[in-house]
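Next up: some structures, all given as structure tokens.
What follows is subunit A paired twice: with subunit B in the first complex and subunit C in the second.
This part shows the complex of A and B:
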């Protein structure tokens, strides 16, 4: 038992640094990916010829290939194209690739949610003389966004777990830090991986709980006291 | 307008505010050609009220907000004025005690009352009703029809798709019988009910009366 405490004490600073990195990367990917995905999803929902197909291609390429392959493309292939703007560090490559990957899932969720809002809502607003953008902003999106909450939590948890893949391009996130720790304590492989898994769980579980709470919060209708 | 389902009544009604586009011909509403490419459809629609079979209230807004929102966005009324008008209209349609409820908390009849108030809030010159009572329980039907009779008595121009023949007979100035996408018969209620000219009209009236 004392041995395990010693191991923990020795690796804790590294795991903490790894967790901070994981937290940071996932946060950026979730934020940037959500904004990008939201814009693409809204644009796609409008069924504008060409634009719809173009973004569709973007989404299906990203969803139809493994994230690991995308990461290699962003880290190894793009910087070799000779384009100045793509000469990025491994950290930037990680941020960009994970954000882009996230956006493909968010875009599909947002478009599906917009499509789920009954056509009658569009019709009623149109018949009242509202233009397309106010209809989208005031009538359709407020209803659609509620519907995105449950599927979005699944995506976010997936993104958090996928940050582990970033270890292959040398991002010193949680999994990478764990592997370094294992080199120091090779006989405690199982224990260290167990600790890492626990840290991921402690991070992901509140995200799932939070969305459950948010779902109730936005889904519930209550009578508004107008006086 | 009346006729069997699939006869094109709703489609016809929806062409009047360009919710459906037409392939040929010309539709004039208040001197504006609806199908004209240059027509200001948003302006036209804001002057043509529409009430739907399934109410189509904005689900995320309270009854009051449903009536306030289009006034602010389309008519650019100050919020206080829109609120005053909304409260007056909810009072008029007999639902002021439910102003703070969401559509999902209202019965069909109550929702339709709010929908009528919402359409009236735009001060429409003409109102379109697309089977406004078809989705309601018998008790609510009477209430909505009475409300529409009041509107008619106030002089509101209304185009109504309905299966409520008694109601049509009572308030319509002109009735259209549609079948297979065509206007089969066009006349006063008296003429349509007592001396229908077309065989198809007679047959249909025999079936439903």
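This part shows the complex of A and C:
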């Protein structure tokens, strides 16, 4: 037992630094990805020819490939184009790829929520003489945004978990710090990864619970027993 | 034409074609085996989760919460590095086997949520009707609940399968020679990121398109019979 306390005491500063990094990367990616995804989602909901299909392709490409592959493309392929502005550090590549990945999910959620608002709302607002943007801003979005809360927080859990993948390009987030700690204590692999899993759990589980709570608030799911 | 070959030289990819095929085979194998295992395991977890007995549903709920709230990569590391220190015999198992175990355990939790949603969609009166005609728990499950739950489970199950195929790419990190590893090999031998990573991305996209078509066909098929119409 004393051994485990010693290990914990030795690796705690590293795990803390890793957690802070995970926290910031996930927060910034969530914020940037949500803004980008929101704009794409609103644009897609207007069904403007060509633009709608173009963003649809964007979403399909991002959903059809693993995040790890996207990360490699942003980290290895873009600098290979020879364009000065795309010579990114691993931090920039990590941040951009995670944000772009987030945006594809957010865009789908926002468009689905806008589509749920009944067409009568559009028609009534048009009858009152409002233009497209005021209808969106004053009538449709306030109703739609409430619906986005549960799926959005589900996506956020996913983004937090995906930050672990950033360790492969050397971002010193929680998982990477764990790998470094294991080089110091090779016999405690299971214990150290267990502690890391616990840290992720403490970070993600409240968001997960919030998702469930918001789902119950927005729409009703039934609780069923088989016995 | 020269600039196109500079950007993407298909002849290099051609030389690595059998490596890509080998990787694709491992990817599809890992996905198929862990899909079957995850569905079976997930159904059992879902049934435990819905029990009224605390000794059954509490561990199941804890398991699902743990899997859903921790990254897959950490779970893969836990199985790959951690399992041999718990059960020394597993140290001799291949990376692919351990990777499949990790993927199965991970997806079992997601499948259990999907199955649970499908079962919850069966109206309560159906189960009570089964009880009223004297069916046992297993009979109710076999003849009433699961056939109806199946129709509501299949579309999200296909969606999760698409996610599962993408998730197999993480196995490349624990040295499984999967589809992504074939591209990494090309890049490390030839230092041609475009040929390696864009080929991989296209390969995964092709799999995704097949999955999209499949889920479209299934949705059409399910919309067919009248028993599914509520």
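Note that the second predicted complex is superposed on the first by the 208 of 227 C-alpha atoms of A that agree within 3 Å, B and C clash if a C-alpha of one lies under 4 Å from a C-alpha of the other, contacts with A are read in each partner's own complex, and residues count from 1 in each chain.
Definition applied: a residue touches a chain if its C-beta (ideal position, glycine included) is under 8 Å from a C-beta of that chain, and two chains touch if they have at least 3 such contacts.
Fair warning: this is a prediction, and the values are worked out from it, not measured in the lab.
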Next on the checklist: Touch test for A:131: subunit B only (first), subunit C only (second), both, or neither?
Outcome noted: first
Checklist entry - Common interface residues of subunit A with subunit B and subunit C? => result 221, 223-226
Checklist entry - What residues of subunit A sit close enough to touch subunit B in their complex? => result 118, 120-121, 123-131, 134, 138-139, 142-143, 146, 221, 223-226
Checklist entry - Can you name the residues of subunit C that touch subunit A in the complex? => result 47, 50-52, 65-66, 68-75, 77-78, 81-82, 85-86, 119-120, 122, 124, 127, 137, 140-141, 145, 166-167, 169-170, 172-173, 180, 187, 193-194, 196-198, 200-201, 204-205, 207-209, 212
Item to check | Touch list for subunit B against partner subunit A, complex | outcome: 17, 19, 42-50, 52, 54, 56-60, 62, 64, 69-70, 73-74, 99-102, 104-105, 115, 118-119, 122
Item to check | Residues on subunit A engaged by subunit C in the complex (per definition of touch) | outcome: 60-61, 63-70, 72-73, 76-77, 80, 157, 161-165, 167-168, 175, 178, 182, 189-190, 193-194, 196-197, 200-201, 204-205, 208, 221-227
